[in-house]
Every structure is written in structure tokens, then in C-alpha cells.
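Chain nomenclature is as follows: A, B, C and D, assigned in order of appearance, with residue numbering initiated at 1 for each chain independently.
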Amino acid sequence: MSVVLTRVHELAEIKEELAARDWFMGTSGNLAIKVQDSPLQFLVTASGKDKRKKTKEDFLLVDGEGNPVGATHLRPSAETLLHCEIYKRSKAGCSLHVHTVANNVISELYGDAGKIVFQGQELIKAFDRWEEDAELQIPIIYNYAHIPTLASTLGDFVKEDKGAVLIRNHGITVWGKDGFEAKKILEACEFLFQYQLALIQAKAGLLASTGALNN
Amino acid sequence: MSVVLTRVHELAEIKEELAARDWFMGTSGNLAIKVQDSPLQFLVTASGKDKRKKTKEDFLLVDGEGNPVGATHLRPSAETLLHCEIYKRSKAGCSLHVHTVANNVISELYGDAGKIVFQGQELIKAFDRWEEDAELQIPIIYNYAHIPTLASTLGDFVKEDKGAVLIRNHGITVWGKDGFEAKKILEACEFLFQYQLALIQAKAGLLASTGALNN
Amino acid sequence: MSVVLTRVHELAEIKEELAARDWFMGTSGNLAIKVQDSPLQFLVTASGKDKRKKTKEDFLLVDGEGNPVGATHLRPSAETLLHCEIYKRSKAGCSLHVHTVANNVISELYGDAGKIVFQGQELIKAFDRWEEDAELQIPIIYNYAHIPTLASTLGDFVKEDKGAVLIRNHGITVWGKDGFEAKKILEACEFLFQYQLALIQAKAGLLASTGALNN
Amino acid sequence: MSVVLTRVHELAEIKEELAARDWFMGTSGNLAIKVQDSPLQFLVTASGKDKRKKTKEDFLLVDGEGNPVGATHLRPSAETLLHCEIYKRSKAGCSLHVHTVANNVISELYGDAGKIVFQGQELIKAFDRWEEDAELQIPIIYNYAHIPTLASTLGDFVKEDKGAVLIRNHGITVWGKDGFEAKKILEACEFLFQYQLALIQAKAGLLASTGALNN
């Protein structure tokens, strides 16, 4: 049992930190952390809770199909299948799904292009890209209301043991070898998204001033 | 008395959380939670308090006309009639009124249209709209200085047991079956408003860059 | 002595709250609260402190000319004369000066006009303007480096017992009958400034989209 | 040893405060504080930690070449050489490097110009510039992936005992005679950057409205 308790503690800490940033607005978001590999078991947030609050019923243990392990009155998050997909297709140990204003706006703004690309940003190093001209691509997938379809669409982009996928107007899902790495990637993505939005506006603002001067 | 105390505790928790987000600027905002149905009695925030502070005089019990139940030196919020309207016209158990910069700007920006419409946003699910093409309409009403007129105007839009109405340059009023649902709706609305404002600016910014390139 | 202690406590609470909002960036800002009328004595923040920290040396007592009352190694804030001016020209009991990004940007944007005007905003009620068409004018004065000149320029606008004056690229100074009212006015101003900036950008953004559609 | 402990405490306090502002996104950022002059020894943040957490292994002592003093399993931050450069070229006692959205956007927006210039801003006084027409220049350098090259490029701009340098898309590095001054400068810069971005957008927004009226 001690591995489970350690993982509960680890995920609770992450939940508390993300809650402090208000990244669970309207009860959105769900978090998962792997407990064992074969058979696959992971902890996932219970459905319909206020994730700003800390209770003994925040997480439950599920199997590789997202079904509860053992008797429980808790229901796993409706989007548990997305976490299943990640653990099946990679060696990730933790996966996080959250909505922020910036990640949703970016997902809509670049949704038709199907991806957003960053280059020349120091924060890319959170993905272990260290070259000066390293490029980071974050795919943006369609937000299918049918969760199994959404999960399998996400699965097509789980090609490495850490990564990030935007779901159009439905937040971001990130994963990494453990809670530390998943959170690092989540933060780096949020930073890059906020940067991109602020840069677009600042550039347009400067352009407008210059244009006005030139007229 | 124990129902009252439970409700006091529930509303105090919500107040504390909204205060932490600074959603009571300039002593604005007021909160209510139903205690019993017949005759209708609900708790409402006392007038003229700093809602960032936690005291024993934060709330008082009022009846269906918004008058204090029992002797008290506290005055109910000047806008208590709006809460009365909600409890009379629906089965809501909690109603919240707060000012945020985003909700006020949205109320002005779309005020002439009388509503703002969201579609294709995951956060719409906070209103229990689950279809992929679900549409959410939030009405925007005129901000009558005369509170009974404002209350009855609001009342015309209280058609379901949960909902949200923007008052032009006067914040938002939301309601739900209990504190949990009312807060969920409040958060979802705030998220959608911030999203909308950020999207408008980002789109205009991209357009400006493209326009400049095409010239 | 007990009045002094009560006032120290009151001002310390305000300082703590404003610090939590990060309204003292770069050690900017200074706060004052009146202790007695004749002769005038008030508490003011000591110079060169990090106002995010709470110490026994945060405030000192000064007289109507801004000189320390009694022996102390503390120096009053360099801008103490502005507070003197307020207490001499009104019945205010508390005055607050803080820098925020929004108040500085507004002071620059409308600096040439010498004022910013708000109308139709609910938050105007923080200034006890209750009519539906109430108008709120906040003057914007030139930022003289010479503090006595700045103080006397400010003094010309201290016409009521509560109010607010923007100093161009130098924050806002507000006052009210006590700490509660001064803080209420400070918050209402900040809300209105953030609202104004967000509205300008949102309107321009919508205009750009519409313009693009019409071309 | 007591000087080391005092410095550890001082730097830990700064770390905690910057963490509360979320200025270490994606494990970015690193902090240093001088312990002694000859031979030079300073404390620096350990590599690969979550700087939001407070542990006994947050800092380690390094020498003038950035190598650990004494046996330790901790690795100094990969960018320790930048701090070495500052202590060698000035009498600074503390140096801080953090990423914020605003400092990164400013570094990109004005990167080609190689600097950003502020004038007429009260917050410039954090740099001890007191004249009414004081001008503050913050250089922006290229973000070399090769740390020794980056460090020596930064070194060319360490001309005073306090200062600030932006690294393009790689945050800001500031220094001052002690932790208090370094943090004051860091905050003033962040304020000025946020101000500049907000002003650019507000001016463009007003211009767009006026332009539309004139057409």
C-alpha cells in the first residue's frame, strides 16, 4: 500500500499547487499518476469535486480500462480514458489535464493549423530540447464530445515519454516520467502560451503606432 | 438552528474563496444561500462590510421580502431583492453576485445586443450542456438604479433552477441548486468571459500582422 | 497611547492587504492614518522599507509638517508632505498612495487631458454617487520631482473629505474618512482603471474584426 | 558559518517571495547571494529543483569559477557562470535571474534595438535615478546557448554595482548591493515592463477608435 500512499501524496501536492493558481475553474481539469505497470493501475481525480478543496476522496485507483480497482462510491473523472491512453502508449508516470484561459485561446487561435510551434524560447528546455535552434511543436486536436474517440485521437500524438497536446477549447493534457516532470512541462506550456498571446498583442500595438506615424 | 449554521459555514467558505480572488473590489458584491422554503428564509451578506474580512456579522437571515428575520442591527445588502426574485422563481438554493473586470467589460461590450452567446466551449458543461454543439446564452440587462425595477427585470430571466445574468456595468448574478453549483457556474462564466476578451484581442493582433504583411 | 496603537493596527492591516496584491513594487507606495486633529499628528510609513514585510518599524508618528514626533531613527516617507496636505485641507482620516500598472497607464493615457471621467459604472458608488447618470472625475496632475510643489499641486484637488488624484506615471493618492473608506475608494479606482484598459482593447479588437469583414 | 546561515536565510526569503509570484515557471530561474569576497564565495540555487518548494537542499556554496565549495551531491545551476561574472565585475552582493511573461515579451519586442529605454517613470527611482528627466536603459543581449559566451556577453554590461540585463527570450538578470536592492530592482523592472506592454496596447486601442471615428 505504501506506493499508493506516496503517489496520493505526490498528486495531492500537485493538485494543491494548480488549485492555488486557479487552474480548475468550474470544476474542470483532472489529474492522474501511475502506481504500477502490470497490470496497469493509476490514481485519478474523482468526478464532480471542487479541486480547490483537499479531502480524503480526491483520488481513486483505476485499472488500464479506467475502471475502479476495488469497491468505491467514487466515480473516476469522465475523461479517465485519456490518461489510460497515455500510460499505454508511453512510459509516462504522471499526466495532467487543465484548462487555463491562455491554453484555450491558443487552442482556438491555432486550431485550424492543427499545431503551435515555438522556437528560440528558453522555456523549451523544459522539454529537454537544448539546441539553440530547437523547435517545439504542440499538436491541437479536435474536441470530440465522445470520450473514447477523443482518447484515441490524443493517443496518436503520444509518441514520447513526455509531451503535451492541446484539445481545441478544451485545455491541455501533458505527461512526463513523474509528477515533477509533468508539472514542469505544464508550467512551461502555460508560460509559452501567455508569452505568445502577449507578444501578438504587443507587436500589433507597436505596428499600429508606427502605421499611424507613417500615414 | 443547525441548518442555519451549516448554511452560514457553506456561504462563509464561498465568501472566503471569492475574496481570495479579489472579486469584492470596493465592497461590491453580495451572496445569499437559502435556509428554508416555506416561508422562504435565506442568509444574505450584511451591507457595507469589507467582504475580505471574516467576522461574526457577515450574514443575516432575511425573509422572502428581504426583511431581517428577528432583531438585528445588521442591514441586508441593498440588492437583497435580486436574491428574493431568484428564490421565488426557481428552486435555486444559492445565488451569488460579484463584479469582476471581465464580467463588467463583457456586459458593456455586448450590452446593446442584450446577450452573449458561447458555443463549442468545454466549460459550457458547467451548465450541464453536454452536446458537442451546445450553445450557452447569458442575457445582459439594463442596470436600473431603482432596485425593485432591477430585481423584476432580472426575474424575467430566471427560467431555470440554475443560470446567470449579466447586469450592464454591474457584475453578474448566478444561481444554482446549492453553493457548489452556483460557484461552479460563476467560475465557468468568469473563465468564458476572460477567454472571450483574450480571444478578441489575439485575433485582432494576428489580423493586424497579416494585414501589414499583405500591404 | 491606545489611539495610536489602534491606528497602527488599522494601517498595518491595510498594508498587509495591499502587499498581498503586490501594490508596493520596487518599494513604492506610502500609507498614512490620522491619530489626532489639533495639533495634527498622523502615522506614516517609514522610508526605504520593503512593505511586503511586517515589522515593528513600519510606521512612525509625524506632525502637520511631516516631521517625526519624538525621537526616532526612522525617516518618514519622502512623500509625507502629500499626506500633510490632505489632512490640512479635508476631514480625511486616512490617505493611501500606491502604484499599480493600471493606475500608471491610465495616468499616462489621459495625462494630457488632465483627468479621466467615468459614468454609468456601478463601482462609482464607492464615492457615494448614487444617481443613475452619476459622473466621476479623477484629476491627473503633473509629477513634479520637487515634493513640496507636488504636494501643493495635489492640495488644489483636495476639495472633499474623500477623493482620488492620479499623479502622472506616479501612482494614485486616495483619501477617506477612515481606513475602510480610503481602501474602498482605492479598490474602486483600480477596478475602474483595469476596466477602462480592458474595454479599450476589447472594443478595438472587435472593430478590427468588423473592419476586416467589411473590406 | 553564521554568515552563510544568514545569507541562506536571506536568499530563502527572496526565493519564497518570487515563488509566490510564480516567477519560476517550468523550473526556470536561479538566484545567488555573496558570502565572502576573497576568495569569492557565493550561494546559488541547486540545479533541477522546483523552486516553489522549500528544502534544505535549495542552495549550495560555490567559488569564483562556479565550482562547489566542499563535498556535495548538489549541482549548481547551469547558469552559475552569469552570477560569477557579476560578482567579479562589481561590488554587488546579490544577483537574481527570473523569467516572467512580461520580461520575455519585452526582450523579444525590443531585442533588435538591443535595449529598452524608460523615461519619466517614477519607478526609475529604484535605480537611484532621481532627476525629473532621468533615463533608464536596460540592455538586451543575445541568448547564446553556450553559457560561458552568454556569461561574458552579460559581463560587458556589468558596469555598476546595481543593474539589470535582459537576455532575449531568456528572462532578466538583476543585481544590487544586497538582497533588498536586487529584489527592489527586479520588481521595478517587472513593473516597468508590464506598464510598457499595457501602454502600447491601450494607445493602439485608443488610436483604432479615433481612426474609426475619423473614417
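Everything below uses one rule, namely that contacts are C-beta pairs under 8 Å (C-beta built on N, C-alpha and C of every residue); 3 or more make two chains touch, one makes a residue touch a chain.
Just so you know, these numbers come straight off a predicted model, no measurement behind them.
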For this session: Return the chains common to the contact lists of subunit B and subunit C.
Result: none
Exercise. Which chains are in contact with both subunit A and subunit B?
Worked result: none
For this session: Determine whether subunit C and subunit D, two copies of the same sequence, contact each other through the same residue numbers or different ones, counting it as same when over half of the numbers at the interface appear on both sides.
Result: different
Problem set entry | Greatest separation from subunit D - chain, by CA centre | B
Exercise. Any idea how many Å lie between the Cα centroids of subunit B and subunit D?
Worked result: 41
Problem set entry | Mean-CA-position distance for subunit D and subunit A (Å) | 29
For this session: Give me the residues of subunit D that touch two or more other chains.
Result: 201, 203-204, 208
Exercise. Can you name the residues of subunit C that touch subunit B in the complex?
Worked result: 17, 21, 120-123, 125-126, 130-132, 180, 183-185, 187-188, 190-191, 194-195, 198-199, 201-206, 208-209, 212
Problem set entry | In the complex with subunit C, residue positions of subunit B that touch it | 22, 25-28, 50, 52, 99, 101-102, 104-105, 108-109, 143-145, 167-171, 197, 200-201, 203-205, 207-208, 211
